[in-house]
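Please see the structure below; I have some questions.
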Amino acid sequence: MSISIAFIGLGAMGYRMASHLPKSFEQVLVWNRNFAKAEQHASEYSTQAVDIETATQADIIFSCLPTSVEVEAIITQYPPKSGAIWVDCTSGVPESAVKMAKFLQEHGAYFLDAPVSGQTIGAEKGTLTVMIGGDTKAFEQAYSAIEPFGGLIKHVGDSGAGFAVKAVNNMLLAANLWATAEGFTTLKANGVDLNNALECINASSGKSAVTEMVLPQRILNREFPLTFALPLLAKDTGIAISLAQQAKLPTPLLSLTQNLIQTANLTSDAESDFSSAVKLYESWTNIKIE
Amino acid sequence: MSISIAFIGLGAMGYRMASHLPKSFEQVLVWNRNFAKAEQHASEYSTQAVDIETATQADIIFSCLPTSVEVEAIITQYPPKSGAIWVDCTSGVPESAVKMAKFLQEHGAYFLDAPVSGQTIGAEKGTLTVMIGGDTKAFEQAYSAIEPFGGLIKHVGDSGAGFAVKAVNNMLLAANLWATAEGFTTLKANGVDLNNALECINASSGKSAVTEMVLPQRILNREFPLTFALPLLAKDTGIAISLAQQAKLPTPLLSLTQNLIQTANLTSDAESDFSSAVKLYESWTNIKIE
Amino acid sequence: MSISIAFIGLGAMGYRMASHLPKSFEQVLVWNRNFAKAEQHASEYSTQAVDIETATQADIIFSCLPTSVEVEAIITQYPPKSGAIWVDCTSGVPESAVKMAKFLQEHGAYFLDAPVSGQTIGAEKGTLTVMIGGDTKAFEQAYSAIEPFGGLIKHVGDSGAGFAVKAVNNMLLAANLWATAEGFTTLKANGVDLNNALECINASSGKSAVTEMVLPQRILNREFPLTFALPLLAKDTGIAISLAQQAKLPTPLLSLTQNLIQTANLTSDAESDFSSAVKLYESWTNIKIE
Amino acid sequence: MSISIAFIGLGAMGYRMASHLPKSFEQVLVWNRNFAKAEQHASEYSTQAVDIETATQADIIFSCLPTSVEVEAIITQYPPKSGAIWVDCTSGVPESAVKMAKFLQEHGAYFLDAPVSGQTIGAEKGTLTVMIGGDTKAFEQAYSAIEPFGGLIKHVGDSGAGFAVKAVNNMLLAANLWATAEGFTTLKANGVDLNNALECINASSGKSAVTEMVLPQRILNREFPLTFALPLLAKDTGIAISLAQQAKLPTPLLSLTQNLIQTANLTSDAESDFSSAVKLYESWTNIKIE
């Protein structure tokens, strides 16, 4: 295809996501604040490292940044050309998606909030789940550009809906994580072997992505590999709570979860994997989940 | 084999579990308080409906009753013979398992706490997860009698450990259920289509047995089929909390979950499926999870 | 004195507060959306019912409205004259106080957030606690105008500080209210006479304004007189939670309180006294706190 | 009077409580595990230090021990004589009161659960609140013996009712303590001076024994004087939760409070005053409540 694609933000996720694009597109521009990383990407995957002014003039622009704040800063300073579609894969704020969609509409362009789930391994394999909010026509047009790194690619509603689903997904992850920590500590304190218990629960109704993946691959083995930082999970749970509060909904369990994750975040190193939230709980009980 | 097997308690689970035993054993005795059900089972599966005195004198006795209270009542009134193994599939209280194991030991018999997970469908297919606490030799001896209805059959620790794992499993189920209700209501209040959101979350890190099975098969379709009653889930969450409190563990998230489930239980009809706990939450928000 | 005073918003609180002003000031202007009430006030207390344009041109303008939204609407449409001091007795939003203070500063005027505590009885007696945020000089100048209805009049910090203290005060009221409901229900379920228990607790370390006043005067006697509406308490707890979240603070107990009060609010008639929040809890336990 | 009085347990409370008895009674026997303390009391207040066998044969026996466990141990080993009244001022377990009352009844004696509130200062001044459960006749007979150290002396119900009221009182203290910590930290994070805020709240509806006494006298001044140990408050909140659970009551706010206090307890030195529970919260927020 002759359309130009740009990818802005080559972090742990973005770097891998952008690596799939050259298979389907001739011209893939990449930009990163630490520009050396963009150049490394270019040499590794035959993309083109360009300046931000150039990147933002592509036909389809992906962004994958820490928060909506960074996305808004770039979009408002370097608005895309008319007809362009901006696909923001950040785990962002629904309100910001609405604002950016309106802002781009005034420039004749489109904004899709398109956060992803599947972690670095999914980014590497190109099997990410992509949950998308915004204009359906723009969604259809951008679909083939998302496909290279996407597994399930789903339009879930108007602007902000993608971010909302992602925030709630991560909130459920957080709730399952903390509940699992409390539950398995209770078992250990009662003399139950955790590996046997885990096998039973993973064959039962209490299982979740946390018991199937996070607990065995990150916690029980005490590795806590940094692939999704705890401050980002804390941010996402905060987004979910904001959504509930704007709708005047009581959410006692999610609010408590958010408070616990935020406490873990405040008392942890910023470079901690989200799974290390359980270490706060371990410090209370003096029992290691292993 | 010439050993005799008895099955006590032919409720929704027990009736189906006992149906598999005649494939492996010549003599399968069944008993049920409402005796007509035992006779029906006998005619349907070639088991023998017998009185409680006879049933409790089998070599291996299974029980599957509402709570540990009913189990203790039968065992203390009709203790099994020396050498017998009592396999209690009730979702019972760990403390009671310790007490019953000691009581049977005085009669030269064995008590295994062997609760099951997998619901009526798993009981029907004979693929239940069985988590077992108690004497390892008795476990090995009873193994082949459990196999007909078991998928994963796992020894998880001393007496009470099986009940503990089951209680924690059901507590995690409860936490996931309530968190999911809050999360999906938040999405609906923000204009997101729940079926699309569910598809994304089931392909993401927030998934659980609740999002994969309970939500689509019981809640979103508004069927709430009664296969596991809410009062029993409330009881199980109470058991898990007791385990935590005996160990002096703080469990803020599980405690809140137990309180919410108990509130749902107190305000629901006793014949409600566990999934209908979400109806309490719906009554607060005036938003149906559908 | 020859300075002119205006009072905007003659609700249950404002009507009584404004009634004290003519003792100290010759000219007291009053305005109310339902203007008949202003006229009634004028005839009852020798104030002057005027239109909003006139009221907002007084030297000192008091406002006492449901929320900051109504205050902002009036201030931005009818900004006061240079040198004027606007004393807002609404239980408002700290962020709004900062915004209004800045807006009035541009007009050479001052904004004090000056919420009150003491309910209608305190307004009637002129013994309200007034917690004030904003410019200290404006505070000193306005002091004598606040005195007629104030008991304790306290400057607590910059713009927004008054609203913040009020929001936290009401959050503590809410927490004490709900905790008291749970505690006294626990006692009643255990056969304790609530009046005797109350007497003991009011002579002990568990006492609060709730046990000393709200429980005996509103709940135990089943009167729930409407003097402070539940939706307003729900709003105030929301303001307190927003303050915590902006500061990235975990507040597990206050968050749960806010969720419970909001649940009570959603399931109650809008014309319910704040004390009737306990009726939600009573509906769960089927035990009346009486 | 010629009746003999004994006081068992001369801790921080008991030592002071027993000091008032000689004013009204000729013969006051005292016993303490660390016997030197009994001898010191005897020399200081003209009581008689006696062995436990002698003490338990008095007409009225007071006990003031850490928990019901110690009380039961002494009573069952040294049952009082027929007609005696045992007045247990421990903050004990309601179930234990029922058991001890039944046990003493078999010996023709009486057990009153009579926990006290008012701390060491109230014990010193003889103004303690005494909340009493058990036989009303025994209560009337024991009244004059309680009076020397009691302010409000109140019969609140059958055996266990006194302990229940005390447990709920201390639970409310705990809830107010933690809520106040969260609330005042929120104010400080928003730039409000805590002393001014405290003055306003103590003149408003959010006040409690915590804001009136604990916060200014123990926390804001950073003294945390050890007069009521945190492990005892944790124990009392546990008693209150047990009462709720036996009655199948949901108590979300009290459960969370108990979990937070227990977390503070697990992470604190055993010799910490109850007020130092807030230090756990301070460690989360990195903001000192001062």
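Note that the chains are named A, B, C and D in the order they appear, and that numbering of residues resets to 1 at the start of each chain.
Simple rule for what comes next: a residue touches a chain if its C-beta (ideal position, glycine included) is under 8 Å from a C-beta of that chain, and two chains touch if they have at least 3 such contacts.
Going by UniProt, the chains are A, B, C, D = NAD(P)-dependent oxidoreductase.
Owing to the predicted nature of the structure, the values given are computational and were not obtained by experimental measurement.
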item: Chain pair among C-D, A-D or B-C whose interface repeats that of A-B, sharing over half of the contact pairs by residue number; value: C-D
item: Length of the line joining the C-alpha centres of chain B and chain C, rounded to whole Å; value: 51
item: Distance from chain D to chain C - Cα centre to Cα centre, in angstrom; value: 37
item: Between chain C and chain A, distance of the C-alpha-averaged centres to the nearest whole Å; value: 42
item: Residues of chain B engaged with two or more neighbouring chains; value: 249-252, 256, 260, 263, 266, 284-285
item: Topology of the chain contact graph, where touching chains are joined (line, ring, star, complete, other); value: complete
item: Contact set on chain B toward chain D in their complex; value: 238, 241, 245, 248-252, 255-256, 258-260, 262-263, 266
item: Residues of chain B that touch chain A when the two form their complex; value: 94, 117-119, 129, 131, 151-152, 154-158, 160-161, 164-165, 168-173, 175-176, 178-180, 182-187, 189-193, 196-197, 199-201, 203-211, 213-214, 240, 243-244, 246-247, 249-254, 256-257, 260, 284-285, 287
item: Chain C-facing residues of chain B, complex; value: 252, 256, 263, 266-267, 283-286
